[in-house]
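The next block holds one structure in the form of structure tokens; read it before the comments.
Order of writing sets the chain letters: A, B, C and D. Residues in each chain are counted from 1.
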Amino acid sequence: MQVTLLTIMEVILMPIVAFIIGLFMVLMMRKLAARLQRRVGPPLFQPLFDIVKLYGKQTQISHGMIHDIGIIMAVGGYVAAEALLPVPGMDGIAAKGGLITLAYLTMVPSLGLALGVGQCANPNGSIGISRALTSMLAYDIPFIIVIFGVAYQFSSTNLVDIIATQQAGGFSTWGISEMPVLAVAGLFAMHASLGKQPFEIYIAPAEIATGPMVEMGGKFLGGLFVMQSFQLYTASVLYVSLFLGGGENWITFLLKSFGVLAIPVVIAYLFPRYRTDDLVRLVWKWPVMLALIGIAFVMN
Amino acid sequence: MSNTDLSNIEVNQKPVAKRSNPFANVFNELVSFCRSRSMFMLHYCTGCGAIELPPAMTSRFDMERLGIQPMVTPRQADILLITGYVSIKTLKRVILTYEQMGAPKYVIGICSCTVNGGMYWQSYATAKKLDEYIPVDLYIAGCMPRPEAVIEGLQQLMAKIKTDEANSWKKYYEHYDYYLGNQQHLFGNNWQTPTDIIGEAKTYQLEGPNTLGEHTKILESVQRPLEPLEMKL
Amino acid sequence: MNNIAFTVALPLLAAFLLPIISNSSKSAARFIGPFVLLAMLGFSLAYFNMLEHPVAIALGGFRPPLGITFHLDNLSLLMASIIPLIMLVLWPYANIEGYREESLLLLLAGSASGLALSGDLFNIYVFYELLSVASFGLAAANRTGAAFAATFRYLVMSGLGTVLALTGIGLIYTQTGTLNLAHIGLLASQLNNPAGLSAFALIVIGIGVKAEIFPVNGWVPEVYSTASPRISALLAGLISKLAVLVIVRLLVVAYQGPEALTLLLVLGMLGIIWGELSAWRSKDLKRMLSFSSIGQLGMVLVAFSIPGEAGMVAGIAMMLHHLVVKPGLFMLTEHWNGSLNKLAGAAKSSPLAAVLFMLFALSLIGVPPFPGFWAKLLLVTGLVEANTPLYLTALAVLLSATVIEAHYLMHTAIRMYSKGKKKQVKKLHQTPFTLTIISVFAVVLITALITMAPLGNKLQHIAAESSDRALYINTTFAARHTPVRKQISLIKQQSKVQ
Amino acid sequence: MNQLDTLLLISLITALISGLGRRHQLIGWATAILLTVQFLALLSISSLGYGGTVIESAVNLTILGQPLSWRFDGLSWFFALITIGAAMASSFFAAGIWAKKYKKHGGNPGLLQFAMSLNVFTMLVLLASGDLLSLFIGWELVSWASLLLMVLAGGIATQWGLRYIVYATAGAMSILAGIGIIYHLTGSFAYADLAAAASTFSTTHVVVLSLLFIAGFGVKMGLLPFHLWQAGAYAETPGPGSAFLGAISSRMGLYAMLIVVFQLIGLGKMIAVEIPFTFLSLRDLLMWVAAFTIIFPTYTALRQNDARYLLAWHGIGQGGYMMMGLLLLDPVGSAGGLLHVFNYATNQAALFLAITAVVYRTHTADLNRLGGLVNRMPLTFLVLLVGIIGLAGIPPMNGFVSKWLIYRSLIIEGMPLLFVATVIGTLGTILSVYKLIHNTFLGQLRLEHEHIREVPWSMLAPMLVVATIIFITGFMPGLVLDWVASAQAALGFTPLAYTLGGVETARGSLDMIWLCGVLFGGFGVGALLFYGGGNKAKRVHQLDNYAGGHFLTADTRYHYSNNFYAGLMHHIGGWYRGTFKWLESSLISIVSLLSGLTQILFHSYHPALFLLITATLSLYFFIG
């Protein structure tokens, strides 16, 4: 019983931590972008301001119940996913889910969002979703190969085990030093999954008016901002857990997660975007090839 | 043209009642502060003024440091920037767009054209005074105003928002009949936007004595129904 | 004891008397046919019931191998009972005017029973010729130009076939000096040479014209599609089987060597391929059924080509099954003739007929638990047991052919169940009389389905008996005849060694 | 007369009653209730689902010297449960108001009920088969009974039915050949003899037999390349019928394959068989067939514009998962495969019923002619949503659990490429089910659908029950894993060690109870944030929509539905070559050509010539 209670506490705490870290990740992303463009960039609490403002809108419009539920699922799915992602000192229910579950659980928010957007009856939104799902199909293939490689390498799908194994021998047993090729492919896939340039065809503001977000105002958009911070957090922490030995303590954990996230973000703002079919072609070619080579090394 | 000119009439300013709960007050102030520090703008590039916005956003002047970001749809935006002359056809879209924005929403008229028609003041096809059709919070005059001026204007707006003074959007709900009358005068009596302003005003208790009137009656007589699709079992 | 000869004599006599009687009393003439058939049925059933072991009857008191013998075992008596039965069902009761058809039918019945019962090649030849004559007349009975043309085709082929068969018989006679089947069986070793085998080939091909063996069956589609359905049913259902029976008898008594079996197998296989493929493409029901019966006969032949009892039981099962199903199907074409496309709406017009068609079709395809399945199962197991590349090829051919068969039969069924134009649909109505006839076959089929277990045992018993060469010889030759007796014991030893 | 006989008897009686009374008004309800009785009879032998011993039927026949016997074990019981369950759902669905409309449009609901109950009976006979012969008999009965169901709709459905029956017959003949060979090798049709003799089979025999049986049973499963018949045949069946067929019919192929190939011949031998010039063993080859069976049909489904076809194509694809799981041969994978049979059946039943409900109201299943129905048919939407989440294999529905087991096993076994292939299939499924729900229920409501209502309760209730089952078995997969484990035991696999919430192993476990708890907790937090924070949202009309300043009107279609994945198709569109269709049509062309050639013989003017030629040839054969 004690354990259950503790687990529940962790499950409650982990999303809160994730949200806070996620907000800073959003900030970091925007700051980096600004720096790259030789701007000052937003102030420290800008992500929070945005969210509070959006929730504080006086009039809000909704296109129906599914529109609402979409946002709920988008946020809720990530809240749940965070409980599966171990952080230093807290494992949550990572042992009861594991890597595959996490990979699939992170689809729940996207699909919830997709449902909500569909309900809006806005063609831009639908086009956006169609593109988003297409790019999910594109980047999930290398991603899933990477997951297989890691799970096979550590012969476990339990993230706690995977992290423990990596930490056991220091840097030399980290995923990145044992499977460098897979790590590169994983980074690529992670970048694509973030939906930043050059893989943001489904947002394409000038073309389809931010796609899925086209009808989202007020707290709907606020929910999506929350989701974004969770998304950045999940992606980077998952990568850290798979390849960088997770967090020995909070300092290294934060360093690693922010560091990992910085890479795609820096790359992102140097690029325009790919067309959908180009995106698919690119992602199915390079990261998949890398991942397969990586797998070949792992399987030996 | 409509009988009354509202452009200078202040909104029936219900002073924000200080609530007894100090925490609620703090919360309200926090929200107002956040509103002022996070302004998503939709620049409706009707004319030449639009060209001055990119410099305002990019590295030279960097609006983002003030929390101002461009957005692409009215649903997401707080500020509507009308950057130049508004032809009658464009005006329809401007009104549609304005009505689709979520309140609190602010309108900034950039360039002289939005103030009085500017160099198009003789044109038959141009709406001269923007605030006869939608309430405008702030004009930034000039032909065209430089980015510094734009940012200066935005900062003024920020200050007004912070103190809850930028309430022109309430005017639209409270005097909807007036605005609708002007719009009908220009577009004919069949004029209708997809947004149900009256319903919105009722839902959010933003009605004033002048929300409904003769023009809204005309509207009701010609209106295609706009009730949301209810979920039916 | 010689009552069984009446099954041959009575109908032949009646056939010749019928024209005379009909001159004096038409109503008497109408009754005489069915009456004779009933009598035939009575005789053969009586024997069938009494029969405990096969018997040979020497007619005219001459002992075999000199005299005319009738070989009575379960198989021949079964066929002999089926002949009047099926004739009774297909009898032209509605025909009030003429006597020609009745007369020919009686001739056919008499010669057919003769063929089924005969124990020597000469008699077989004679009855076969009689049978041919009767069937020519019947095929042309409806006197249309097309029927005459088709019958001529039939006649030419059949004539040539007879010549070949006669040559074959002659060859056998030169080799063995006898035409009695049992005696031939005794002297089978003398036939195991090119001349003997050639004789077999000639007889198979000659008789094969009636048995619809590939490729001497060029007359089949023409005749069946122009003759009246009753006649087609008779020819396809009954006569072909009798021809096969002759080949089987020869096979059992004298040709157990692999060469003869291979010939049958190859011809059967080709027959299956040719028949089913042609049926697949045919555009009207009658032709389709005739092609299908070519295919089915091919399967029967393949079955008989399997050595030993397994082949016999499979063959008899296939034969009997086809004998029940095909006449039923042919009777359906009474009103469902012409292009297959015109069948649209047939099921609406006479639903019972459509159901019966489905029943026959399913059994023909070999869908369990219908009798056709058990026959096919026997065939399959037999082929696999034989286990040589050629037999396995035959298995493959058989199974592929079944697929094709399923396709064209179901295609037709689906056409029947699709919507048709009103005018067209009216024409497709089956009369109650035809339906009754078809239902008889269906009832037989369903009875067989229900009594499958005892029927199967009986079938195996029949097959065991009729595939027993020693028994056949032993039956014919009385135990007294010493030299023959020696040979019999020798054969028994041989079979034991095998 | 034991309980198994009672079950079969009730089933037969159901079929007979619904057949005889097919014109009666109440026959629908009668059939549904009788099916419920069957279900209860099945429950009376539920000990089989919990590791009970085999129940032998008292009926024994001997035909042509071959004994026929029937029996039920854990595997049969598991499949029978799904069969009767699916039939119940469909039957109840079809019994009420649906039937009236169906009748009005020229259908015969009684005949549909009869066809379904006949299918159930034949399936039970197949599932109960106790030797190869009764297996084959049951197999053929099932094949032909489902033909009846498929052609009921008439028109185009009959063409699909014909296609089906040709494939099915080909499959059956392949099986018959296999059974014949076994009979040759063992001298009997009994399972026990086969199992005993299997170890002595030579490699050639193992290969030939496996291929014959897998091809034969694979036809019904829609295993590549024998899948072309399935989608159309299932899709064109009248609504509830397609739910039933889609849910269970093709799994009969899996059942028979499990019995004969997995259990009796033994897959272990297939691992030993190396395919020359490759690295693959026979089992690997089969796994790749399964993988392609997952991928190709799933991506064909992605291109469908008819909801029923889309689902039916998925049915083929999902069969590949089951194959894949079972071919993995370890406790986890095989449990995944078997569990997927159950899960998929519930998903597919729910989906087909929901689509049937949509068709009931809108008269179309064309994905380009629907949209926005969620406001009009919210409960149907809910059912469809639950169904697609399950079908796509996303938590928290049951489809996820079975797929998880398969993935887990693929990782344990170290098969990366197959793993990727499986996931590619899942991703394709996600894409196409989203298209399904988007194009029917989300987006713009068409003018002509403004006034439609939710379907009546007689249709809703079965749908909701199935949806509930999907959720509950997703929440507590242990409920089904009980049955799966005894089915595994019956098959000779090591049963999976499971918990109520899923699987507990040292290095990677799954606990759906926790997972669902956390997920719904998360949704709760999301809801709290959404409804607790900020003003209440006002519902707006669908025309109040941002379209770049454009005024939308109801008479203009702006629902983005056609060519939904345009970008993806731009890239992979060219990969759809229709190879299998091409193969099929070339086969038909060949047959057609050959039959044209064969007919020449019968058109010849000189048939006697052939007689002489043959005579000469055969004389040459003997003399020369």
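Here, contacts are C-beta pairs under 8 Å (C-beta built on N, C-alpha and C of every residue); 3 or more make two chains touch, one makes a residue touch a chain.
Worth saying up front: this structure is predicted, and the values here are computed from it rather than measured.
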{"item": "Greatest separation from chain B - chain, by CA centre", "value": "C"}
{"item": "Chain ID, smallest distance between chain and overall C-alpha centroids", "value": "D"}
{"item": "Interface with more contacting C-beta pairs, comparing A-D to B-D", "value": "A-D"}
{"item": "Rounded Å distance between chain A and chain B, as computed from the means of their C-alpha atoms", "value": "36"}
{"item": "Chain B and chain D, separation of their C-alpha mean positions in angstrom", "value": "57"}
{"item": "For chain A paired with chain C, centre-to-centre distance based on mean C-alpha positions, whole Å", "value": "78"}
{"item": "Overlap residues in chain A, where contacts from two or more other chains coincide", "value": "54, 56-61, 63-65, 209, 214-215, 218, 220"}
{"item": "Multi-chain contact sites of chain B, meaning residues that touch two or more partners", "value": "73-75, 100, 200, 203-204, 228-229, 231"}
{"item": "Junction residues of chain D, two or more chains touched", "value": "372, 374-375, 378, 445, 535-536, 538-540, 542, 544-546"}
{"item": "Touching chain combinations (by label order)", "value": "A-B, A-D, B-D, C-D"}
{"item": "Touch list for chain A against partner chain B, complex", "value": "30, 34, 37-43, 45-46, 48-50, 52-54, 56-61, 63-65, 205-206, 209-210, 213-218, 220-221"}
{"item": "Chain B residues within the chain D interface of the complex", "value": "73-75, 92-93, 96-97, 100, 193-196, 199-200, 203-204, 224-233"}
{"item": "Residue numbers on chain D that touch chain B, as the complex places them", "value": "372, 374-376, 378-379, 445, 453-454, 535-536, 538-546, 549-552, 554"}
{"item": "Parts of chain D lying in touch with chain A, wherever the complex brings them together", "value": "371-372, 374-375, 378, 381, 385, 389, 393-395, 400, 404, 407-408, 410-412, 414, 416, 419-420, 423-424, 427-428, 430-431, 434-435, 437-438, 441-445, 501, 507-511, 514-515, 518-527, 529-531, 533-540, 542, 544-548, 558-561, 564-568, 570-572"}
{"item": "Residues of chain B defined as touching chain A within the complex", "value": "30-31, 33-35, 37-38, 58-59, 62, 64-65, 67, 71-76, 78, 100-104, 200, 203-204, 206, 228-229, 231"}
